[in-house]
Amino acid sequence: MIDERIVLQLLKEGKRLDNRSFLEYRKIEIEKDIIPKAEGSASVKLGNTLVIAGVKVELAQPFPDTPNEGILVVNAEFPPIAHPTFEPGPPNEYAIELARLVDRIIRESKMIELDKLFIEDGKVYGIFVDIHIISNDGNLLDASTLASIAALHSTKIPKYENNSLIRNEFIGNLPVRYKPTYVTIGKINDSYILDLTYDEEQVINDLIAFGIRDDEKIVAVQKLRGKFKFNEIEKLLDLAIDKSKEIRKYL
Amino acid sequence: MKKENIKLLENGKRSDGRNLDEIRNINIELGIIPIANGSAKFSFGNTVAIAAVYGARSLQPKFLQEDEKAVVRVRYNMAPFSTDTRKNPGIDRRSIELSKVLRDAIENSIFLEEYPRAVIDCYAEVISSDGSTRITSLNAISLALALAGISMKDLIVGLTAGKIEDKIVVDLNQLEDNYGSADISFGYLFATDEIVLLQMDGELKKEEFLYALSLLKEKAKVVYEKQKEALRNYLEKEKYD
Amino acid sequence: MIDERIVLQLLKEGKRLDNRSFLEYRKIEIEKDIIPKAEGSASVKLGNTLVIAGVKVELAQPFPDTPNEGILVVNAEFPPIAHPTFEPGPPNEYAIELARLVDRIIRESKMIELDKLFIEDGKVYGIFVDIHIISNDGNLLDASTLASIAALHSTKIPKYENNSLIRNEFIGNLPVRYKPTYVTIGKINDSYILDLTYDEEQVINDLIAFGIRDDEKIVAVQKLRGKFKFNEIEKLLDLAIDKSKEIRKYL
Amino acid sequence: MKKENIKLLENGKRSDGRNLDEIRNINIELGIIPIANGSAKFSFGNTVAIAAVYGARSLQPKFLQEDEKAVVRVRYNMAPFSTDTRKNPGIDRRSIELSKVLRDAIENSIFLEEYPRAVIDCYAEVISSDGSTRITSLNAISLALALAGISMKDLIVGLTAGKIEDKIVVDLNQLEDNYGSADISFGYLFATDEIVLLQMDGELKKEEFLYALSLLKEKAKVVYEKQKEALRNYLEKEKYD
Amino acid sequence: MIDERIVLQLLKEGKRLDNRSFLEYRKIEIEKDIIPKAEGSASVKLGNTLVIAGVKVELAQPFPDTPNEGILVVNAEFPPIAHPTFEPGPPNEYAIELARLVDRIIRESKMIELDKLFIEDGKVYGIFVDIHIISNDGNLLDASTLASIAALHSTKIPKYENNSLIRNEFIGNLPVRYKPTYVTIGKINDSYILDLTYDEEQVINDLIAFGIRDDEKIVAVQKLRGKFKFNEIEKLLDLAIDKSKEIRKYL
Amino acid sequence: MKKENIKLLENGKRSDGRNLDEIRNINIELGIIPIANGSAKFSFGNTVAIAAVYGARSLQPKFLQEDEKAVVRVRYNMAPFSTDTRKNPGIDRRSIELSKVLRDAIENSIFLEEYPRAVIDCYAEVISSDGSTRITSLNAISLALALAGISMKDLIVGLTAGKIEDKIVVDLNQLEDNYGSADISFGYLFATDEIVLLQMDGELKKEEFLYALSLLKEKAKVVYEKQKEALRNYLEKEKYD
């Protein structure tokens, strides 16, 4: 790994180790339908970051307060395969925060028409989105969200018969609309910087993520680290809305 | 059961009779955990959190220490009896996220470098919940930190806002949190004009979001004054005890 | 915290740091109905010790061997907020012992008429007593029991309708009788001492608790620590029965 | 299903034919875990516990050591197949409480100060359960401690008592434990006349409680003699082996 | 404990501390029906190794893919009572491997006629085999398997009535056939060695177990440790088949 | 539901059209986790595993180190979406056993004594499962170890075999694993003629078992060549990058 002081020095001079401009994303490569047994799946490469999201559709009980709607569960695993500092064990606070943020952008954007996932009294389709980090070179939130949204857009609904799901017969696609995306923005010396690598994440103190829907509505915000001046929120929002359009094109 | 026809606004008044920009009754009690370095109870209406700060104290085992600043540990927890349906005891995923979010706010409000190799433990217990529990906890921790004599940029002032039936309101109660269309949690330092906690979910246009922020900053002043007044009264009383 | 040797020296001279006599409790302050969402609640202050007990009433399945009775669950949390030595994590053996002792005094005294909590086949009211220690300055057992009994005596039963509980409508009070109380007794140099502070608990080796019901029946006993001579049990019992009447008045 | 008309006493005899003050058959096997420092199997009728003691041995890691006395660790556990309905493997809340109660009894029976910086591990496995399991474990541990050569004030003698249909009886079986109106667990050192374990639940008048204690002390003598006899026979046999 | 170097030196000279020949088992003592509340039970002594297996029969739900068959669950506990190095806590990888190997030999040998354990739709008998290690002086796999098979052969099926099991009335024996056994073989200096003691296990690098059924069919194999030459498998198999007959006689 | 009339063989062909001794399509991608010391993706048909090796690196904390050789740690895990019905995330009992079995194979293939006080961490994630997942993981780890430059006796070559309708076949898919009558997992070092992983369940006569082993050894050659070819191509490419 690179010495943090070098990374920081470069950033202060407005340069990045990989020669990108501050507002430039690494090459985004999305591949769909890569897991045969998953009802939906996608991998996202963002430079050396690699994330796989898989969607399993299962029979589920509805939540008591929404008896006629399908349920959504989002989980993220940071397996130790993805980085020398990841450790085996249950999800730590960063994995939990990531999963909850992806859950929130999916749920709050209303991209899944959950009311169409009702089967019969007490029985609904459950949509399980599992985010599996394979290689961590930073910006896991943007990458995981892209992978999850792509996977959901590739998801098919298995046929229900005799109290169980027929795994190889489908009744159609998961009813989805919108492609919400997070744009995570870092700040250094009053400059904004996007799509941080792992090394850059180690030296950037201020970090915020905006979840933006196709219609430019803000559907989720999370200050991830540090602090921001009250008056800069508008600038940050403009940047996020702008960039969300760009990366949404890859979906 | 889904409350189908919930009216969150009627004649410009909210379900609990408040105006759009009206904060619930704020109640503060200080020093309620005598053995802690600082402690406070903070309420917005029926939402009540108790916080205690232990430290700055030496962090053990040593390999956890940081040579140039304090480590801050935060635990946000809801009592099992605080909610409508009993909450299972123990820390769930939501509590883990909120503890992280609160810790991040606190770390950015303290002069950490004044406490090398130390730990500052901040604990918040929500004993009664009616919306805005994380922000109630933040205010309680702010006061507990102040009483513990921890060196801070300023008191941390927290407030929530949201959107109900097309109106932006502040200090959401549970009903508004559940059935409104957006909610924002906001933690702010007046002295430095810095936002140290910001979370939002729901659906807001950029203009709505910015208006909500401006309302939050304006109304946070009320919370700020309440915090300062409570501290003044407490220290006054201490003096004559 | 005070030097243990000073506390011990004083006790050996028959004195306490706070000037109480050995058989004197600290000021007991009980407040009921303090948690709006709990069906019953109470806080107990015993000097600098502060305990909150909340009662939630939930739909529950009966135990197989008592299909017509409600169920009782008692849990205690020692959150790290309450003392510099408490640590985050699942309840340790002291928290578990405390919860089981409070459970036992409630259950064995038959203070709740569980048979009146039947709803319909396979469905009963479940009474969940949660003890939350807020500030620990000793004698948690007596304080927690007072808080739990007070909370149970303030508990209302929500209406049952359509397979669920209506939270804001009540069909009456929890059917309770009796106000059992624990009296925890310490021994030092053949003297007995009550309502120990945290500092005193650190230096007292012998500790026993008696659970006494209004009719002077003994309903629970636990030697908590140390040893007692066979012949002193009667004296201890007399003291416990006597003191139980005094502290029961606060309920 | 609740056994509605359980008769616990008939013509002065208990459900298993015993008299009120009669202890079940006591069975003792010593040294059944050769690699342990001491081990014993102890039965009251169908209740069987196996205990082993490892130590006194050096306690690691060092920060757990106590400079002036031994640390005692106790684990009480029930085998999944020991009960009517299978018990889930692993330590539950009841086992944690009983392990603590047993540890406390043992700590007050050992000359701890003779083993600074050491640990004495005491393990009890209930392999068959018909009431009085903690007390059966206590007797098994007492014998295992003796065989391990741990310096004790005296053997620890355990016995239970209870109230069934207005009578005080000793050595409760499962049925009496479940349907009687009170039960007492009692651990006692004859040499010092000290009660080291005492637990009771149920409903007893003061006079009943005191009578039960006196009966326990009287009948504990039987258990005491059995423990001593078993040790004598075992050491005798060892000598000629 | 004995110095490992002495044990190893002796083995290299073809000798064992207890004077057994390399292919000789210690004295095998099996006792059945030793746990009154278990539906089946057995203890196995193999020298200083002592294992108890208990079988509980419980009401259970069938697995979705075998709705008409009873279920089998095998669990092993290595309680700290059994060895100075065992530690309290959940089963470690060796306890889990042991339980899974015993499960496999029972299941793959088809010794239990699971299809005869159907009760009614959604309800079957569940057979829970619990292996409790009491004293560990090596060769736990062979000993645990003997105990489990003996316990299963002594198991009685309780009567089912009104949705529950009547614990003291039985409708017959568990339908079992076959007595499969594991033979664990160690290798040292190209010699094979059986029934290792704990001390021997510390110095033997290569270890493999063969599960053999009465009809000489191989039903389970596990290389437990080390490596084996391709060509020696046949010799190992012959030895295992041969020895399995000998130890099966004790069942 | 039980597939009552599953035909695993028809006209000498298997359910997926293969011959008895035919291995599914093998696909290998190397270096897909750039930050790892070595990494590889290995597929047998629809079964896909990704492996990474971190190390040899210094093992912390120190008391875990072995003075004369490396410690090998292995984690085998299945992604929740890899299976027909979603698998709960996290390590279950099966994964613990297989991690142990894989570790044992790896330890016997590495020159451990070349890395005193070090740890070699091997991680395998099954992202798509269609039978033979542990063996697919073994092949992926073999390649990752090679790329990490770990000193090995030889590449570790893994293959499965089984019995379906009286025939011995290699490289089982899920259907054959579920409904066949025996399956064998086999890990082999050609250089030393050593079996380092061997597991079997089912029902086989001695002759069938030995025949299956000989077939495994023969066909493992195919896997061996694929591993070597992939490494050659990768290193070739590296050279010109």
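All chains are identified by letter, namely A, B, C, D, E and F, in their written order; residue positions are counted from 1 within each chain.
What we mean here is this: a residue touches a chain if its C-beta (ideal position, glycine included) is under 8 Å from a C-beta of that chain, and two chains touch if they have at least 3 such contacts.
Just so it is clear, the model here is predicted, and its values are computed rather than measured.
Graph distance from subunit A to subunit C, where chains that touch are one step apart, equals 2.
Counting only chains that touch, the fewest steps needed to get from subunit C to subunit E is 2. Greatest Cα centroid separation from subunit A: this falls to D. With centres defined by CA atoms alone, the chain at the far end from subunit B is E. Mean C-alpha position of subunit C lies 27 Å from that of subunit D. Rounded to whole angstrom units, the spacing between the C-alpha centres of subunit B and subunit C is 31. With centres defined as mean CA coordinates, subunit D is found 51 Å away from subunit B.
Under the contact definition stated at the top, the residues of subunit F that touch 2 or more other chains are 1. Chain contacts: subunit C has residues 64, 164 touching two or more partner chains.
Ring order, beginning with subunit A and continuing to subunit F: A, F, E, D, C, B. Interface residues of subunit D, counted against subunit C in their complex, comprise 1-2, 93-94, 96-97, 99-101, 104, 108, 184, 188-189, 192-206, 209-210, 213, 217.
Residues 34-38, 41, 48, 50, 52, 54-56, 58, 75, 77, 79-84, 88, 90, 128, 130, 132, 134-137, 162, 164, 167, 198 of subunit C are the ones touching subunit B in the complex.
Of all residues in subunit C, only 64-67, 93-94, 96-97, 99-100, 104, 107-110, 208, 213, 216-231, 233-234, 237-238, 241 touch subunit D in the complex they form. Residues of subunit F touching subunit A in their complex: 1, 32-36, 39, 46, 50-52, 54, 57, 75, 77, 79-86, 89-91, 121, 123-125, 127-130.
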